[in-house]
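I have placed the structure first, in the form of structure tokens, so that the comments after it can refer back to it.
Chain nomenclature is as follows: A, B, C, D and E, assigned in order of appearance, with residue numbering initiated at 1 for each chain independently.
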Amino acid sequence: MKKVSYWAIFKNGLFGENPVFRLALSLCPAVAVTSGVKNGFLMGVAVFFVMTMVNVTVSLIRSFISPKVRIPAYMFIIATWVTVTDLVMGAYARDVYKEMGLYIMLIVAFAIVLSRAEVFASKNKLIPSMIDGMGMGLGFLLALVLIGITREFLGKGSLWGYDILHTRPLLIMVLPTGGFFAMGLLMGFLNWIDRKVFGGTGASSGGH
Amino acid sequence: MKEMLKITLSLVAIFVVAGMIMVGVFYVTSPVRFKAEKKEKEEALKKMAPEADVITEVGKWNIGRKHYDYHEAKSGRRIVAYIATTAGKGYSSYVKMLVSVDRDIRVKGVQVLDHAETPGLGDQIIEEEWFLEQFKGKEFSQLALLKKPTKENIQAISGATISSRAVTNGVKDAVQMLIERYGGGIKVATHGVKK
Amino acid sequence: MEGSGLWEHVLTIFIASALINNFVFARYLGLCIFFGVTKRMETAVGMSITFTAVMVISSVLSWVVYKYIMVPYHLEYLKIVIFIGIVAAFVQAADTIMKKKTPALYYKLGIYLALIVTNCIIIAVPLINAGEEYGLFESIALAFGSGVGFSLALIIMASIREKLDLADVPKSFQGLPIAFVLTGLIALAFLGFSGMITL
Amino acid sequence: MEVTTIKAQATFSGGVHPAYNKELTAHKPAVTAALPTRIIIPLSQHIGAPDKPLVVIGQEVKKGEKVGEGTGFVSAPVHASTSGKVTAIGNFPHPLGMDVASVVIESDGKDEWVSGLKETPDYAMLSPDELKKMVSEAGIVGMGGATFPTHVKLSPPKEKPIDAVVLNGAECEPYLTADHRIMLERPTEIVEGLKILMQILGVKKGYIGIEANKPDAIEAMQKAVAGSPGIAVLPVKVKYPQGAEKMLIKAVVNRTVPAGGLPMDIGVVVQNVGTAEAVYNAVRFGRPLIERYVTVTGRGVKEPKNFIARIGTPYSQLVEEAGGFTDSAAKVISGGPMMGISQYSLDVPVIKGTSGILVLPLAEVSVKPYGPCIRCARCIDACPMKLQPSVIGLFIEKERYEDAKDYNLLDCFECGSCTFVCPANRPMVQWVKKAKKELAKKKSQ
Amino acid sequence: MEGAVKEQQQAQPQLIVSVGPHMRSSESTATIMWTVSGALMPAALMGVYYFGFRAVAIILVSIVTAILSEALTQMALRKPVTVSDGSAFLTGLLIALNVPSSVPLYIPAVGSFVAIVITKQLFGGLGFNIFNPALIGRAFILISFPKQMTTYYKPVMNVTGMDAVTTATPLGLLKEDGLAALLEVFHTKAELYQHLFVGNRAGSLGETSIAALLLGAFFLLFIKRYITWHIPISFIATVGLLTWLFGGTEGLLSGDAIFHMLSGGLILGAFFMATDYVTGPSVRSAQVIFGICAGALTALIRLKGGYPEGVMFAILLMNCFAPLLDRRVRSRVFGKIAVKELK
């Protein structure tokens, strides 16, 4: 395999194949927990942790696990790390957990996690795998924070819970409806920037 | 055959290691979580009667099929408040609350524990502080929701009448229950009160 | 009285999960699949059927395991691992059985089965059931209601997207972005159901 | 006869009401157009394979002499419409658009009939096959515009028994009055022609459907049919495209031609009134089809008129005889404004299907660009076939022909009602034509 | 002779060649849109009469924002600017007619912007939007500014009148406080119906005067024939039937159908918004289904929902289903059935 720099692997997750805006995977939390920046951030951290750990684990045991059973094995590994995250957040981050506990548990079903394990970590050494996991996780986190900022600012006039505008300009943005609007408009806007500024194709590959 | 054995062994190994990790994390975190949950509840109760030094659950009561509990708050030997968990049917959820009353069964305070009302509309029952504040000192007969400014009764938040009613009804149910248990001579005048 | 209360509750859960708390439009679940399979009506219909069936059956299995194994042995904290295991095992079994017994059906719906395990709504149903401590019938009502609601969402979306194919959508918004905005608009319309039922 | 006034409202569902503008020429008796100096006889004046020429350059021909002969069953011969010398055989402009192989005859001014035309006063004694042969030899094709060879229509397969002949005197196209005039001027010939058609097909029932806006024609035809058993004149509602055969059948005999089917599927043959007159001439006098009624009209000519014109007469001559263009003349249409075809030049000749030459002034030419479909459903209401032209149009615009077909594109007979009513001015008919071509191309590949 | 023909040819004008039909009806998209706007004028004028100068301001702001949004978006997308077709004007006008007279002016402006940019232009512009732009605009501002959007004034009946008193709409009164409260305000049922009919009651700008709305609807239905009965009549009749059946407090058949049919935005919605060509089905039978379902949803929301008025959400929900209806219900092609029978 051609040597690719760690930075390139990392950057790929952030921009080129941003899990939310580009791969369009794991969209549910992108809408569900982003009515505020804080929740978006913490969800991002949880995914960052799970992805990094899953990639590390899968990379470590990749030579040891038979390809025939690799999918169930990966699923099990993912479920393990999600359980760990769930337990930890349930104990130490009570207020956030109350609001988004369900979505933390649902990380187990995020296609992005399994697909990175399968596409990257199962074929790469420890360090690149870890970096890929971190890059993807961070890309996810960034996307969530971006959406969170948009929605919280427009919907509540605050950021991270700190009241800035002292009014709620567009309440709808914190409702599901607003989440979808924010996602769609941001995605379209990013595509536009990509096309105009970077000359890219500006397309989101859509869906699963 | 050897292949099969290898696969099985490797899977078992993963199961065992992962299981150990989970069990380990569970043993570390579960006491923390348990304590945190307990503390949260205690703090919530404590807020309802800051002057009390012990708050003890003394019984259960029902609204429909749901069970709620009530507590006595004592400062030393003296009962300073009765506190009940309660709920009222709101726009899209039951609004769960703690209600505390003093020995004359006048409302001391109302605290919303949990709800899923519409952000920006229904959640004004928390955001608009005057709303819960106005319950203080009200006695049972005053717990009526009005859609106009009032000092005597409870004023609804405009645009969130349904959530306001949820709170009022929940409080009323709890106060009525507490009157039945502790009220002695207090009359429960239900006529003329809009529900 | 208690009995009729239960059935009323079951019906309430069903309607609520199908319309008011619709997985897609109100709970933001199943979005990847939702956007993925609604480009064409056929796939949307296939997915609807497969999903509803898998959801109901796997939630029953999960309920049994939860109630009779996990709760008695205090293994609730393993619910993520166990539920995903149940779903995966069930899907695998369904795949094998269908391939053997009803190849025609398998040919139609088999491809969707493969997509199911990495979908959050399948796993969300047993998790919600466990969280709400629902009984068997309530669990089924939630699963079936969610399935019906999800199917409704898929079919509406597919029909709209087919129509949208003919429209001149600005380039940057073609595909997923406009689908998101569209979903937002549908969710806005579905707010009309809000407040009808309190759970 | 059993003509009832209630039937006057007989019609189909759908259709449109364009301004008819028939008053320009309706009251004007047809005049015989002057003998042209040069006559162009296209070898393709019918649906089906083009004829092969029977003459060579320099050859002298007589009026009524066959100059082109069909190569297959679905074809019809063409005849010289005056006497003279063949001066050219080659491609010449044709009112349907492309250049077409044609025989050009320089008139000798004598206008001599070919010898040997056989009169048959007792034609009622002839067998159907003999009659059919005469129709075929006379080169008669549908004169309602479709130019389908008439003898082919008169030879339905055995398993499709025919029980009624309907003559089409609807003339629903705005402006045109050729059929109107022929019904006023030659009613007996038309009725005799109808009887011949009925005899050929062995049917007992004949109908003549006429739009209710031609009371004089209805009266004339009623007089002509008086005493002829089994023949009725039926006034039908004034509405475009009342004259389309499926719609006329619906109105007159209240039968529905199956989608994708033909009138003969339900036992009906439809012929234009002009066709019936030509059939009579062919059978009674042995004369081939060499002239027809042509309306030259519109506010782009100075004196709108009805003509009896020879096949092959250049449009320019008829326009001249109608007083020439007005200053504002801008568009020349062969046929009526709904289904007619606009012309690049006036060099094209009158052919067997030419019912009119319409010249529109600039003010009446629509040049509005088309906009997006606002889904107003006017086209759906207007479509006599009850199609959804809006959807068909949207699909074709995106070149999704198969989807358009799924919405019954192929049942469209291009009447133009949808485009007429469309507020967004969408050119559905144009698209339909294009899509049909594309689909045919794909099929042949 | 040859020469003469040549000469004559040269004298020929340049002929215009195009495909048929060579005649077109005189209707255009613009005439339709402007005429529908015109048909709303009586209702708009009554709004001004009842709610005063503010109504004028709201109408102007909505319309101007709608037209500007349309023009600017089309410029940005490098499309021809088509504001003269009147559809943006109509959308703006409808938004104005659908807000209470008390709203601050930026609210209808936001509504118009969302209606035109997000609901219409983003989806490809005129003819391609899935949802009724004016109603999405209204739903958007209702959710975003719930307080302002549910604060209604009593009519002042004085164009410059500003000292308005807030009050509940008749539907709101019925829902929140019951029939008794409603009759407390309007005294008798007859008086209630009369107020509803002439429009002297709280409500959005253009929805209060049933008489004015029916005048415009009559014009569109019978004079211009721009709309057909299928959607509005099935819609209103279904609401009437269901509210009569289930709307009462004394069991079946005790509901007040007339009240429900005359109140809220039903008449405005049924005749002017559910009939939007673009966002409803176009086959007539599908339109009847559309109307009945919209009526049922309206009754359901009014009677069971958390919100007193159901017309807006009912139409928006049916907009979701219109493509499905279009897909399933097609016109019956002439002679198509006969083919089956033949086989």
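Quick note on the criterion: a contact is a pair of C-beta atoms (placed from the backbone, for glycine too) under 8 Å apart; a residue touches a chain by one contact, two chains touch by 3 or more.
The shown structure was predicted, so the numbers you read here are calculated from the model rather than taken from an experiment.
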item: Separation of subunit D from subunit A in steps, with touching chains one step apart; value: 2
item: Touch-network distance, subunit B to subunit E, counted in steps; value: 1
item: Pair exhibiting more inter-chain C-beta contacts, A-C or A-B; value: A-C
item: Most widely separated chain from subunit A, with each centre as the mean of CA atoms; value: D
item: Centroid-based (C-alpha) most distant chain relative to subunit B; value: D
item: Central chain (by mean CA position); value: E
item: For subunit C paired with subunit E, centre-to-centre distance based on mean C-alpha positions, whole Å; value: 35
item: Centroid distance [mean C-alpha coordinates] between subunit E and subunit D, Å; value: 46
item: Where subunit C and subunit D are represented by their mean Cα positions, the distance between them in whole Å; value: 62
item: Where subunit B and subunit C are represented by their mean Cα positions, the distance between them in whole Å; value: 31
item: Junction residues of subunit D, two or more chains touched; value: none
item: Numbers and ranges of subunit B residues touching at least 2 other chains; value: 22, 26, 30, 91-92, 118, 120-121, 162
item: Multi-partner residues of subunit C (each touching 2 or more other chains); value: 77-78, 81, 166, 170, 173, 178, 181-182, 185, 188, 191, 194-195
item: Touching pairs - complete list by chain label; value: A-B, A-C, A-E, B-C, B-E, C-D, C-E, D-E
item: Contacting residues of subunit E [partner subunit B, same complex]; value: 143, 146-147, 150-151, 168, 176, 306
item: Residue numbers on subunit A that touch subunit E, as the complex places them; value: 169-172, 175, 177, 181
item: Residues on subunit B engaged by subunit C in the complex (per definition of touch); value: 22, 26, 30, 64-65, 89-94, 118, 162
item: Footprint of subunit E on subunit D - complex, ascending; value: 12, 14, 16, 18-19, 37, 174, 246, 256-261, 265-266, 316, 320, 325, 329-333, 337-347, 358, 360, 362, 364-368, 371-378, 380-381, 383-388, 390-391, 407-408, 411, 416, 419-425, 427, 429-430, 433
item: In the complex, subunit A residues that touch subunit C; value: 24-32, 72, 75-76, 79-80, 82-83, 86-87, 102, 105-106, 108-111, 114-115, 172, 175-181, 183-185, 187-189, 191-192, 195, 202-204, 206-208
